[in-house]
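Each chain gets a letter, A, B, C and D, in the order it is written, and its residues are counted from 1.
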Amino acid sequence: MTIGILTSGGDAPGMNAAIRAIVRAGLYHGWRVVGINRGYVGLMSGDTREMTSTSVSEIIGRGGTILYTARSEEMMSLGGQARAAANCREMGLDALIVIGGDGSFRGARALADLGIPVIGVPGTIDLDIPCTDYTIGFDTAVNTAMEAIDKIRDTSSSHERCSIVEVMGRSAGYIALYCAISTGAEDVLMPERWHGDEQELIRNVLERRNLGKKHSLIINAEGVGHSEELAKKIEAATGVESRATILGYLQRGGSPTCRDRIMATLMGGRAVDLIAEGKLNRVVAYRKDGIVDYEIHEALEMKKEMGNVLYSMMPMLRQ
Amino acid sequence: MTIGILTSGGDAPGMNAAIRAIVRAGLYHGWRVVGINRGYVGLMSGDTREMTSTSVSEIIGRGGTILYTARSEEMMSLGGQARAAANCREMGLDALIVIGGDGSFRGARALADLGIPVIGVPGTIDLDIPCTDYTIGFDTAVNTAMEAIDKIRDTSSSHERCSIVEVMGRSAGYIALYCAISTGAEDVLMPERWHGDEQELIRNVLERRNLGKKHSLIINAEGVGHSEELAKKIEAATGVESRATILGYLQRGGSPTCRDRIMATLMGGRAVDLIAEGKLNRVVAYRKDGIVDYEIHEALEMKKEMGNVLYSMMPMLRQ
Amino acid sequence: MTIGILTSGGDAPGMNAAIRAIVRAGLYHGWRVVGINRGYVGLMSGDTREMTSTSVSEIIGRGGTILYTARSEEMMSLGGQARAAANCREMGLDALIVIGGDGSFRGARALADLGIPVIGVPGTIDLDIPCTDYTIGFDTAVNTAMEAIDKIRDTSSSHERCSIVEVMGRSAGYIALYCAISTGAEDVLMPERWHGDEQELIRNVLERRNLGKKHSLIINAEGVGHSEELAKKIEAATGVESRATILGYLQRGGSPTCRDRIMATLMGGRAVDLIAEGKLNRVVAYRKDGIVDYEIHEALEMKKEMGNVLYSMMPMLRQ
Amino acid sequence: MTIGILTSGGDAPGMNAAIRAIVRAGLYHGWRVVGINRGYVGLMSGDTREMTSTSVSEIIGRGGTILYTARSEEMMSLGGQARAAANCREMGLDALIVIGGDGSFRGARALADLGIPVIGVPGTIDLDIPCTDYTIGFDTAVNTAMEAIDKIRDTSSSHERCSIVEVMGRSAGYIALYCAISTGAEDVLMPERWHGDEQELIRNVLERRNLGKKHSLIINAEGVGHSEELAKKIEAATGVESRATILGYLQRGGSPTCRDRIMATLMGGRAVDLIAEGKLNRVVAYRKDGIVDYEIHEALEMKKEMGNVLYSMMPMLRQ
């Protein structure tokens, strides 16, 4: 029995912990485990390495992915997918485990349709995969962003400024919302909820200043963007010194938190179990009842709806 | 409407975030919120302070509890409980919110039996409250311990030692188990599972050394203890230099993680909602389906069973 | 005896530790200590508070400044300076301690010239005060930036990218240089050394890629700037995916490092000693032979020359 | 030209940064660099590895030492020293760089006396090498300890306890003193200053409690020890709940701070420069005027005297 493993799309802290769990669980079953470098790019070019117990030593706490990652244009074409499937057969892979986000899973689905057994493991800091309530990397990313915002708050408060901090999340506002609640921010802008009403933002800043609040903190998601312009508009309209900070790539890296190491270990372990049980073409997921799994086509049809509980607490908490 | 709030038992990171959510949610309802200092000790002596929106500013990220905490002998006697209940009446409390662990909830139950409406909010780093799957402070404590163990691992590995690290948890091994999985430890000793067979531990250390592993890491829960003796026995039996570290109180402190700030905010908010809805004598809890609540007598009758999934992965992961 | 204390200009981690040392040392001498809010702005408007031992409890580890800070236009005019001096007299200040950077010291010099005894304490993350080899906040800022860059390196390495990280330092490259050496960066751009030759940067990136290096890391100082354009040019010329991150205000905040707390304590203590010894109109500084002090006019005439030792090691280290 | 490099004695964060600087500087000169594993133990047994630029990639931020370390009994005997010198000749080493503490330098001195050119680089968290004002690892260790004590302070303050925290330093109190100042501790016990008067400690705790201070923090150096007994005595004599924490090995590990990475880079670079300049049998050191070097016999004859400035500030700061 031989299994392949790759990481694809944006990297996320905890991917290495998932790789470690998969390699060690596979070896425990007596299987051969092949690491494929640079995601689907390496699958196309046959860029692989043999995985041993030692090759995953000391990686559980490291950010990034030791298998590298890349976005593959070729994998989006039928020709590329056929070539990838042919390579899987040539490598003698009995199953391929793909750690990544929705885009990576679509590549996996294409392989499944071509007869290659696949398992998806959700790894993205954005938490934007509909079939799962948790994705590897989210907890580390929100803690990294939160700690950075805690620091910005120090200086924002000393200078009695309005600070706008832009966090990652192109189509999903989860990082923004968690950061806003956990840093005690006054406002949060998210693609799912942003009303476009800058006047309301400005009114809120003025109101807080009138209440004697020393500073304002607004968390903005990348998907809403325009943080610099917002800062300028707020300063022009209120006279309150306003500054924008775009946190950027530091949110993707760093040693994973305990939660990400644990989740990655559980999800990686489940991926191997599924193969051992002959349950193929599945996506590992986390639901309220623990680690579950879905058929990959079904998983990719799901839609995600952001809950309202946390968001609705904002007005109350910002008093 | 007037509500009281106190923290009791061992402190836990996130208690301040819960206090903040409760105070702001209470004020949002137009209520008066009274902070009681030093847990039940302050309830006996009438040591209180008026809570305002400003009095909980800038505390969401602070460890410890601004209301202080203490263990009260007097609250375990019927006389003490009667006095506490009388003081609640005198203060005009319509409800009392108690943030703490099982012991603190037993005090709250006694007050409920004497006619004082109470709400319990689970706050303890040990995760050992049966009615809930999460307790405020656990995530911060495991991350603090994990980061300390990551550092110990550096030196342990440089010296090719066997390290035994003792973490908190007198009757519960959750911190030990999460630390063991997340640091890639070779063994974990927990009150719930410890077989007392030191020879097996010693055999494992020898076996790993024979496989060429540079060092061994064993996580031990406070409830199993005897880390120093264990280190001596292992060194004597194997010739491998062995050292014990007892992490101690640093696990209780520190700025709470994002998860603890969020959970504390959600649970504190729910506590106030329950009072607003007239649902009294309840314990707020976290279950697979989110934030829930239980009648306090029922909550205190529950038993907790540690799951087996993570523990059973240890042999596979330590390869 | 009454002394005043204010923080001015950009805030820096450790300013609170300096305030604490000054207040406690002043009280120890039996003096009255007056805190002036918002720097020279508060001196103009008479916005003050009485400092007690308790008012500086628990602040040694906090970022920002509890006295707030601001930039005062008025203090640059003769009229403003006269008004500030008059207020110092009205408050009965026997001396005024100013914690801040060069700009703040120029304000202090003006007051000295008007007969108000002053002491300057160097506090700025930029290390750009000529009369001193250390300024409070620098160590925390470089560690904060270094840790952020370590995280960016994780993701940069996983994606095999060229990363340009822009750190603070408008006229001084110290933060950039320390970050470059400590993160093992391949290039550093600083206002003191930047040659403007983008082609050389591009050649270096290509050369490293040809040597099989998986990623490139370039640290850029704010004073050189244009990080986004640089990234675009490098990507266009080399085909290597390139991304810019501007770290921004998070570098100003955070709990101070041990070094900043110690330096702030020593410098704050020395400021009070100088007053006690009747040595006025001085700037506290750190030189190779420890904490020293200079006459304020002399201090402000000095020029700073960046050393060459660290910078000259770059080509050797980036192999 | 061939140089050898080893790490010896207790490990210290930054040793890897020094190894990296030495290897890259050596290669830059066109030399061969041989890594010797496990300190003098590996020198005895000929356990070596070839160092390349890649073998020191990505290690600047890692704790511990990639060359491993050990204490060698054999190196203390004349026979062992002769064997080590013979092995150096057999390996064709033109010089040997030893990173470690005083004990490791004594081994190096013995080799120098036997005709092997050596260079010592000071690496120990204890700062207890007389010829230098800085040793690699100290800054990281004090920051690690300080952050742990900050957390203990949270819980100590919530419980209004007296906390005794024992930090490393068998014969030197530098870590204790820096931690005491930087955490705002009330007392510090150090081998260099400890008077043995427990009654004074007890009086101080009582006095602070009478002044309404919520908690007491006492930092104790390993060389004074007996923290558990002290806690018991203080509790018995004062009625104030007292707890001891022994920080232990976590102080040795962790990613080095910026200062340690910079110092290690400078010192490693200087070690190679010395060899290139034919200045052999030297110890690299840091003095007020920057990186210097001393003849090894002279260096080992020096005595260290702890300064009094910081210590004498304690009574004033603890108000």
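As a working rule, contacts are C-beta pairs under 8 Å (C-beta built on N, C-alpha and C of every residue); 3 or more make two chains touch, one makes a residue touch a chain.
Predicted, not measured: the structure shown is a model, and the values here were computed from it.
Taking each chain's centre as the mean of its CA atoms, C is the chain most distant from chain B.
Per-chain Cα centroids separate chain B from chain C by 40 Å.
Our note on geometry: chain A versus chain B, Cα centroid distance of 28 Å, whole angstroms.
Chain B and chain D, compared by their mean Cα positions, are separated by 35 Å. In chain D, the residues that touch at least two other chains are 150, 157.
Annotation, chain-chain contacts: A-B, A-C, B-D, C-D (touch as defined at the top). Chain B contributes residues 7, 10-11, 13, 38, 62-65, 68-70, 144, 148-160, 163, 214, 243, 245-254 to its touches with chain D in the complex. Only residues 20-21, 24-25, 27-28, 53, 58, 60-61, 139, 142-143, 146, 150, 157, 178-179, 181-184, 255, 257-259, 261-262, 265-266, 269, 288-291, 309-310, 313, 315-317, 319 of chain B touch chain A when the two sit together in their complex.
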